[in-house]
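Just below sit the structures, each encoded as C-alpha cells.
One chain, chain A, appears in both complexes that follow, with chain B as partner in the first and chain C in the second.
Entry: the complex of A and B
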C-alpha cells in the first residue's frame, strides 16, 4: 500500500473509538474488552497503575501489537492498523517516554528524516523553506540549527511533539511526556498542546500518573486496572478521590509501617565536598555536603539528570569521585567489599537488573552476592558451597515472597517486581544493615510491591538504619523522609522537612530557579 | 520444585500445570554445539563434493587417522595436550567478559621463557630443569596476557585487537632471539636456540608416544574448572563477566581480579609453550608457532569456555589436526583442506551461539 504524502492525510482530527478490544500474550490477558472513545478535538487521559495495560493498549492503536478481539473504529469505519506506518496514514502519532531524536543531528535534520517518505536526495533549500513555513504555525519555537543533543530535556520533548505536528498527526498519543520535565516546563508544553486541541486541530490521548495534569488539561478520562476497564468520565464531574479509587480499586492495604518518633542518632554517613563527573566527563555532582544520622531517612528530590544518579553511583562504588570525601561511622569509605561489610552499607539501586544483578546467574547466586565469601557459604576461605547458597536463598525467597520457579532459575527470567524483591531480600534480609542507600526503589513496580518496599524502608529506619532515599517521586519522599533535600545541577539547593514542605517551593528549587 | 515458590506464580495457576525441568537448559549446552558440528560436517562434505571426492570416504579417513588405531589415537592425544592449555587462554578471560585471542603469542612467550630457564639450569637434575621451565613458561605466558589486561584496564585498549597484535610481536621476538642472542650456531637451516639436554626433557607416558604434557593439560583444565565453578574467585569472575555494574556494587576489585585472570590465562598457554619445547622440539624455534594457539580459540568457543568440555573438545580437534596428512596422501587434497574444515566448524559454532534461548524446549519449564 502506498503511503500518501502528509498533505493528503486528514486535516482535522478523526474520531477514534476502541470497542471491546482484547489483547493476550500467551495466557496473560493484557487488555480485557476495553472500550474507549475520543471525539475529535478532545484531550483524553488514560490512567492506571504501572502494569495496568495502558502501554499495550496504545501500542495496539499504533500498530505495534494486533488486537486479538474487538474493533478499532476510525471515522465510523472499523480499521486494521498493522504497523506504525498504517497509523501514520490515519494521522495518528505517538510521543514516547524516552527521546527518539538523533543527538548529533540538528533539529531540522531530525524533523525531515522523521518523514517516512524522505526522498533519496534531500533538497535542503526547499525543505528549509517548508520548515520555516511550518514553524510559523507551530505552538512553540525551537532553533532549527541546534544539534538535538545540546537541547535541554524540555526542548527535546518539544521537538518530539513538533515532529508529530510536522508529520501532520491529528491524533496524538503522549506516553508520560512530562516525566523528564520540571513542573513549569510540563505546564508550558501541555498548555500549548491544549490550545491546539481547543482550536480543533488535534485530539490527544495522554498517559499520565499525575492528577494535577488531568485536572489542568484533560476533558475526559478512562481508567484501567489490571488490564480491565475500571471507569471513565468527564474530568469536570470527578474528584481526585474518585479517580484514585478507580485506579486502586479499593484494594489499598493500609499496612504501611508507621514511622516511630525517634531521637536523631549519631552521624552514620557523611559526604564532604563530594564531586563526580558524568559519563561525558562534565561535572555532574558539585560539592555535595550531607550528613545522615542513624534512624533517619534523608530524601533527595530532583528532576532526573541533575546528578542524583551519579551521586548514588559514587556511593555504590560504580563511579569514581573527582573530589571530596565519603565517611561512614567516621572512617573513610570507598565502597570496597571489606568496607561495605565492616560498616554494613547496603544498596537498593534503581533498575536492579542492570545495577545489582547478573541476569545470567541464578536467583540463588544473585541473592548470595553479599555473602558468598563468608561462612556458611564461603568455606575454607576460598570455596563456595552450592548447597549452602541454595539453602540461604530458599529461606529469603520464601520470606520476601519472590516468585520464581526455582532457586536455579536465571534471575533475568523474573519479572521486574520479583527481581526487586530478590535484591531487597539480599540487602535487607540479614537485617544487619546500618546504612541503606536507595534510588527510585519503586520505579516501575505495581502498587502492592511499592507498599511492601516502603514498609521495609520505614522498618529499617525504625531499627536505627541511616537511609539515603533518592527519588523522583515526591509523594514517596514526603511519605518516607524525615528530612528532604532538593538537588539541582548537581548541588543540594534546598532543605525542608515533609511537615513544612510546600510543593510549590520544592518545585521552584527543583527547576533550578 | 519448591511449592512455596510456585504457589503464587500466576503462570502456574493459569494454564496447564508446569513443572520445572532442570536438565533441559543443560541439554541445550550439549545439543547446540553437537548440532553445529553436524552442520559443519555437512558443509565440509559439500566442499569435498566440489573437489570431486566422496565425502563419506573423507570422513571415514579422518576418523581412521584420528581414532582408528592405538597409534593414531596417541598421535591425536599429543596434539590435544597443547590445545587444552591454549584453550584456557581464551576460556578464562571469557568468563570475565573479555575476548582474548592472544593464545599463540602467550604460547610462544611461555616457550621462549621456558627455554631460557631450562638452558640456564641445564646442568642440574631433570626435575629441577623441568620445574624451572614450567615456572618460567607460566610467568612468560602469564605476563604476556597480563600486558593485554593492563592495556585494557588502564588505557581502555580493545583486548581482542591488542592480544591479536601481540601474537605477531611474540613471534617476531622469538625470531629475533633464535637468530641472535639465543642462536645455536649449528642450527643452519632452521635458526634455533641451543637444545635442552635430551635426558632432561619431559618423559613419555609409559611405552606410548604420548608425552607428559597431556597430564599437564588435563590437570590444568580440571583446576580451571574447579576454580571457576567452586571457588569464591570464580564466583567473583562470573559476577564481573555477567554484569560489571553489579560486581562494582558488591565492592569487587574489578581491575585486580581481571589482571589475575589474565595472568592465569596466559600462564596456561605458557605451559603449552613449555610442553612444546620440553617434550617435542627440545629447543625454541619458529615451529613453536604451529597454530595451536589459534586452534585453542576454537576449542574454547566450542566448549563454551568451560574447563571440563575443553578436555573433550581438544581431543576431538586434536584428532582432526592429526588427520591433515591423510587427506593429502590419500585424496590428494591440499594440506589446507583441514583448515577449511576447522574454519567451517568455528563459523557454525559462532552462529549457534546466537541460538541459545531461542528454543522453547530448552527452557526450565516444558511447553
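Entry: the complex of A and C
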C-alpha cells in the first residue's frame, strides 16, 4: 500500500464517504443501503435509537465487519478495510463506549502499547522523551505514570482520545464519549476536539444521544432508524423536534407520567454516618447522612467512581458497611432477604445482568426471584411450582412489555433494555414497594425504554414510594428528583432542588472543588 | 561427628542449602505459572507437567547419556502438555480450573505409565556447580553445590520481569491477562497470546521437573513432586504475580521443605513428619493471609479466573 507510515503523515483531515452500504447478519439487515458523507474538517453526528445500526455501521468503517454491499470511499478512492489495523493505516481511529485501556498498565504503557509498530524491545527512556514531546501538543494533560485503572472515568476518556491523537488519527469516530463525563468535562473534551477539527487536523463522526452536544459541536447529522437511513442535514437548519422525529419515525408517544405535588411523608430510609470501602480496601463512602421520605425521589449526582457504586452495594447487601447505620421505617436494616421483604425494599441496580439477574436462568425464573419462596409460587416451605412461576412471569412480561421469545429464554439472551424492563417488572410489578433504590437505571437504553422506566419510577413515587436515584445523567436527575444531592469522593457535598439547580454549580461540586 | 561440632549452624546451613536446592523446582514452576496467569488463565496442570518433565528428563538422560538433552526433553514434554491445556482452555465454555485438574491427572498418569521402566536404572545427573571450594566445612561445601538450573531460574526471573516491563510481547501478555476486551481492541489476538504464554510457562515447569529427577533428589520415582506444582500456584499469589518476588518466595518454600531433614540431620527427629508438612502449612497460611473477600489483590491480572 502506498500510504506513508502514520508518524510521517501530514496532519490533514480525511474525507470519508459511505455509499449504499449494506450489512446483513443472516436474514437480519443491520444496515440497509446507508449513505453518509463526512467532508474533511467537519464534525458529523450519527444519531439513532439503540439497535438502529449505528454501531454496526462504524464497525464496518473500522474493519470489524465487512460490508456485504456498497463502498467505503476514503480520500476519493474506494477502499476495503479488513481489520482495525487497516483502519489505522488509513488514519481512522475510534474511541469506544467502553474503555479500552488496560487497567493495570500506566498511561504511558497504554499509549505505547496502542501503537501497532511498537518495537519488540521498548527503550523506555526514548519513549518517555517522545511522549513528553507529544503531551506538549496535546489538548489535555494526564499524568503518564498513573495506572489507567486508578483514573476517574473522565480522565480515562481523555486518555482514550489522547491515544487516537498519539496515533495521528485523521478521522476520529467517537461512540457516545461523554456518557461518563460531567457536563463541564463533556464540554471541555468535545470543545477541544472541536478546536482540532476547526484547525483542520481532524474529521469527526460522533455517535450520541444528546441533542445538546449535537447543537453545540456538530456541523451535520445523519439519522438511522431500524437499520435504514432516516434523514440527514445541517445542524443549523434543524430543530431538536425534527431530529427526534427522524429518530422515532414520527410515532413517538409522549407518555411521561407527571410528578404529582405531594406532602413530604414520614422518613422511610435513613442513613447515618454510613462508611464503606472499595474493593482494594480504601475508603469509598465516607460518613453519608441521608434521609429519604415517603413519596420523594432523592437524586444523587456525581462522576462515576466517587462512591456511588459502593453506596448502592451496601444498601443492596452486596458489600459490608464499615461504619454507620441504615434504617428503614425506623428499624435497623442490613439488607437480608427477610428484612427486604418485611420493609418492601426493592432494587434496580446498574448493570442489571450482573447485579440483579442470573444470566443463565430463564426470564421467568429471574422475574420470580423475589417471590419464588412464598405462596402462590412457593409451596409447603420447600417446593416451587413451575406453572405458577410461568403464569406470574407471563403476566408481568405482558404488562411491562418485555420483548422475549418466551418465558423460558435465558435472561442473558435479552437486549439490555429488556433485561432492565424484566428487573423493573420484578421489583415494581407487584406494586408493594415502599423503598426503591436505583442506580443508573437507563444507562445505554434508547428513548422509548428510558421514557417507560422514568414513568415507572415517577408512578412509584406518586404512589408514596421512597426512591433513591443514583445517576450519572444530570438530565435524568433534574427530571425525576425532588431533591438533588452531589456526591464527591464518597461524601455528600451539596444539596439543591431541581427547580433551583444550576448546572454550573452542580458541575463544580461534582468535580470536587 | 562434624555435624555435632557445628551444632545449630548445621540446621541453618541445611535450610539455606535446601532453599536453593529445593527451591529450584518451585522457582521454575512458579515462573511458568506466573507467565501463564499473567495472560489470564490458570494452569493447575503444572503438577502433571512437573512429573512428565521429571520423567522425560530422566528417561532421555538415561537413553542418550546427556543430562542436558534430558533437560531439553523435559521442556519439550512440558510444552506439549501445555499445548493441550492451551487448546482446551481456548475453546468456549471450558473452565481452566477443571481443564487444569484433568491435565494434572492426565500428565501424572502419562508420567507414571511411561516412566515405569526407568525407576530402577540410574541416569547421568546434571553436574553441580561447586562454589564451596573455599570452605573446609563439608556441610558448607555440600550446600554450595548448586544446580545449574537454579542459575537458569534466577536469570529467567529477572528476564521475565524485564519482558513484562519493556517488551512488546510482554506488554501484550499483560494486556490480554488484565483486560481481554482492551487487548482485542488493540488488535492483539487473545487466544494466540494465551497459547504462547501457557506453552512457554509449561516448558519452564517441565524443566523444573528435570531438576527433580536429574539433580535433587536425583532419581525418578512416582512420589517425586509431592504437590510442588500445585503449591506453585499459591506461591505466585504470594509473590503478587511478580517474577522476581517468585524467586524470593521459592527460596522461602524450598527452605521450609528443608526444615524437617535439617533437624533430623542434627539428631532432632521429634515431629519429623510435622516439620515435613511445613511447606503445605506455609501454603495454607499464605492463602489465608492474602485472600480477603473485602478487597481484591493488587497485581492480580484482571481477567484471571473469568470465563472471557
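We take it that the second predicted complex is superposed on the first by the 457 of 513 C-alpha atoms of A that agree within 3 Å, B and C clash if a C-alpha of one lies under 4 Å from a C-alpha of the other, contacts with A are read in each partner's own complex, and residues count from 1 in each chain.
By definition in this document, a residue touches a chain if its C-beta (ideal position, glycine included) is under 8 Å from a C-beta of that chain, and two chains touch if they have at least 3 such contacts.
Just so it is clear, the model here is predicted, and its values are computed rather than measured.
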item	value
Partner chain in contact with A:140 - chain B first, chain C second, else both or neither	neither
Which of chain B and chain C A:355 touches, first, second, both or neither	first
Which superposed partner A:494 touches (first chain B, second chain C, both, neither)	neither
Chain B versus chain C as contact partner of A:443, first or second or both or neither	neither
Touched partner set for A:215, first chain B, second chain C, both or neither	neither
Touched partner set for A:406, first chain B, second chain C, both or neither	first
Partner chain in contact with A:96 - chain B first, chain C second, else both or neither	second
Chain A residues touched - chain C or chain B, whichever exceeds	B
Contact residues common to both interfaces of chain A (with chain B and with chain C)	none
Touch list for chain B against partner chain A, complex	1-2, 4-6, 8-11, 14-15, 18, 20, 22, 230-236, 238-239, 242-243, 245-253, 364-365
Residue numbers on chain C that touch chain A, as the complex places them	165-169, 171-172, 174-175, 178-179, 181-183, 185-187, 292, 294-296, 298-299, 301-302
In the complex, chain A residues that touch chain C	83-85, 88, 96, 98-105, 109, 112-114, 116, 118-124, 149, 277-281, 320
Residues of chain A defined as touching chain B within the complex	26-28, 316-318, 335-341, 347, 349, 354-361, 365, 369-370, 372-373, 378, 381-384, 386, 394, 397-398, 401-409, 413
